[in-house]
Amino acid sequence: MKDLHLQALKDMIASKWENILEQPQALQFANSLMGKDRRVYALYLTQVYHYAFHTARNQALVAVNPNNTDIHYMQFCLEHALEETGHELMALHDLRSMGVVINDPEKDMPPALPPTQLLIAYLYRIATHGNPVQRLGYRFWAETSYDHIRGFMDKLSTSMQLDKKQMTFFYSHSSIDDKHAKDVEKILLHICKTEEDWEAVTRSAIITLDLTHQILKAVIDEYEKLVRDKPSDFSILHSLRPVFEKNQV
Amino acid sequence: MKDLHLQALKDMIASKWENILEQPQALQFANSLMGKDRRVYALYLTQVYHYAFHTARNQALVAVNPNNTDIHYMQFCLEHALEETGHELMALHDLRSMGVVINDPEKDMPPALPPTQLLIAYLYRIATHGNPVQRLGYRFWAETSYDHIRGFMDKLSTSMQLDKKQMTFFYSHSSIDDKHAKDVEKILLHICKTEEDWEAVTRSAIITLDLTHQILKAVIDEYEKLVRDKPSDFSILHSLRPVFEKNQV
Amino acid sequence: MKDLHLQALKDMIASKWENILEQPQALQFANSLMGKDRRVYALYLTQVYHYAFHTARNQALVAVNPNNTDIHYMQFCLEHALEETGHELMALHDLRSMGVVINDPEKDMPPALPPTQLLIAYLYRIATHGNPVQRLGYRFWAETSYDHIRGFMDKLSTSMQLDKKQMTFFYSHSSIDDKHAKDVEKILLHICKTEEDWEAVTRSAIITLDLTHQILKAVIDEYEKLVRDKPSDFSILHSLRPVFEKNQV
Amino acid sequence: MKDLHLQALKDMIASKWENILEQPQALQFANSLMGKDRRVYALYLTQVYHYAFHTARNQALVAVNPNNTDIHYMQFCLEHALEETGHELMALHDLRSMGVVINDPEKDMPPALPPTQLLIAYLYRIATHGNPVQRLGYRFWAETSYDHIRGFMDKLSTSMQLDKKQMTFFYSHSSIDDKHAKDVEKILLHICKTEEDWEAVTRSAIITLDLTHQILKAVIDEYEKLVRDKPSDFSILHSLRPVFEKNQV
């Protein structure tokens, strides 16, 4: 019974990723100029910085949720929070490593885009209120999605000529992933006891995956503003403008 | 200077509403069968119930936000919270008045749709963290939008043959509106002192207006599921199925 | 049945006050030099400033407590929070009116003493967690205690030669009291439905009255430090040193 | 400079413990009947259960305190929270191991006494508001106090004929202590950068040590009620009434 729920969750996630990666923009990505332009990647990293800043924090709050009375789940939440603490600094490192000048992140980091803000707000809400299993919906797909996106990220690193030290956030999360994926599966099977639990997990997985998709789309929208030299909160990234574009101008 | 900011905010809101009401779905609305089908309206009321349940609560939290140190603004927040307390019961009343059977709202009320959940989560987040002026962005358009939507709602009430006691939520909020609109304008001009304040207000106004648009679209998606007899969390509303559809079946 | 509980609560409060006012220190008060020394009163006002700063805030939080689902009680909490907003400024006014120089309260106001800190912490805790009736235990005695302490305060104002504008916090709270006392009695009878409710109210009344007693004792301890010229966080109050003491020195 | 502050903190703690253990009640303890009566110890364990339930939770909240921006301190907080998770179950185990029948702790566990409630409330308050170093004041003395109380606890275990499995809470915390004491000293020296930081730590150490003393006194007061067969919330502990007392009756 539990295995059926777990499989349905996995299928939903696979199908969502398939859909995201089949969007025209994603398909054209690697072949277009955009696929060679590090500003897109840098834009995305600014958003990673913002949500990663809150990951450990809202994960820790699940342990404190008054509805969370399962010692194992509390420990699981605190362990994960501990591991994720400070990971926003990897995104900051990757940005700096590409040459983006960010002295004081609090002042210099471009802002969180609307869907990033909504993801952060939603994770705090489900961490502190309602069924504490909900946040596992986010974590489950986040830990098990590297298989889906690895191919895309590899192509990206080639076309953008990124080296490892500009992708520490991505690779550090992708490598610790195999162990984590097993752990999160185990706790899911332990903690989800009712239909309502599985529904809550599935609902929050869908909402947060959709928000992630919206973050990607918002990143591309902001990128287009940069290309067209429109007013932008991300003009700090112009330093990464690729040679071919400069030549065009 | 302040007047310029205020005017820009008003223009943005007007333009957003114009855009929402010019969507094909909105234009066809009154003339289509959907425009005669109370289930769409009932669906919307279930979402009103959910966010209205939280309005007074997150409004009160702005008064407690540690960054809120302005006595007048604190009073303004508490006064508004006081006025909004229990307004979810109007949406419940309107649903019951149409004949929807909801004995215990906690069990029987259909769930909040994803954009409704995001609106609720976002309002709690901006109420408790960051610049306390942010929530005024939501409140300002919410109090000043009746001019934009009154025409639409009047058509709706005619085509769906709704009487006043089925629209108490809408009419009670629209009538107290003139005074409120002035009050919220006054406090906005009082509390917004910097460019950052106006930007924060504008940003949260945009995000919450967009979420409201998404709630409307999600309501129509759910409506289509009902019409096509697909599995739905809102099957309780089938009791409102109109005669013309029953005849067709 | 409810009347019995209410009477028991009133008797407990009366007996606590009798006990407090019969302590040797209290009895000697008006006749001793301390009874003529405004520094004691000023010391107390600094503590009033601290807890009054939080009164409206923790009162508002009771309306947001997820266990509070009674619309009338929510409204009651918000109304009271609204009335209490900014009342710390009365204590500040009274201090300044006596001649204490406090330019920026955040920097210049002497700190909250330990029992004051505990009162504040406890009120936030019971406002946000557990049975939301608990905070009424505090409010009930706070609103109904003026009869018990009026005599003492009148003597104090005479012996310290305080005029009305140096006692605005006390007199404004004591005058609105008659209406409030009735209101709080009414809501108590409305909201307390079980033995557990009455026990919760009684328990929090006892704890907060005892803390208030401890605040009074801590104030006198600090006063003695001032008299003996020991190092003190309250040395700002030395400007109120009475003539007779100066003469002695 | 930092070493001076640290030493002053240690001296204060040593002196507080000396004072506590020199109280008449403590001195007579081991030699009196009370020193042979496990009900006193069981009473204390009920209070340990209550505050230990919240230790991991309020410790985790320090990591989420918006004023906590030090990655190392965040990690320290989460690690400690992880270690402390579920430790209330040790107190429960020890109570059951002595023969106290507690089926469902939520229903059967006697209540938290007033100073225990204040300790819990205060720790939540300083965890979530103000200077995040504050909670170290509590943790520092809690981790470094076993030297002060070990002698007393050893005498107690002899006179009450307690074996190890009835003292798991005490011994498990006392044994992991040496490592912890070093860790907490290290983080204190790392995180306290200003005079204000050291003052904040010292203040919260004093307040929480004093509350602990008050818990001990409240436990003895409740014990006396049990001995005198007065109405008590702790009558469940009568099953531990010692033979000598039964003989007397």
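Order of writing sets the labels: A, B, C and D. Residues in every chain begin at 1.
Methods note: a contact is a pair of C-beta atoms (placed from the backbone, for glycine too) under 8 Å apart; a residue touches a chain by one contact, two chains touch by 3 or more.
All values reported here derive from a predicted model rather than from experimental measurement.
Of the chain pairs listed in C-D, A-D or A-B, the one whose interface repeats that of B-C (more than half of its contact pairs identical by residue number) is A-D. Residue numbering shows that chain C and chain D use the same positions for more than half of their mutual interface.
Each chain gets one centre point, the mean of its Cα atoms, and the points for chain C and chain D are 30 Å apart. Between chain A and chain C, the centres computed from C-alpha atoms are 50 Å apart.
Work out the mean CA point of chain A and of chain D, and you get 41 Å between them. Counting partner chains per residue, chain C shows two or more touched chains at no residue at all.
Judged by the touch criterion defined above, the protein chains form a single closed ring in which each chain touches exactly two others. Contact between chains, using the touch rule, shows up for A-B, A-D, B-C, C-D. On chain A, the positions that touch chain D within their shared complex are 56-57, 60-61, 63-64, 71, 74-75, 78-79, 81-82, 85-86, 89. Across the complex, chain B is touched by residues 114, 117-118, 120-122, 124-126, 203, 206-207, 210-211 of chain A.
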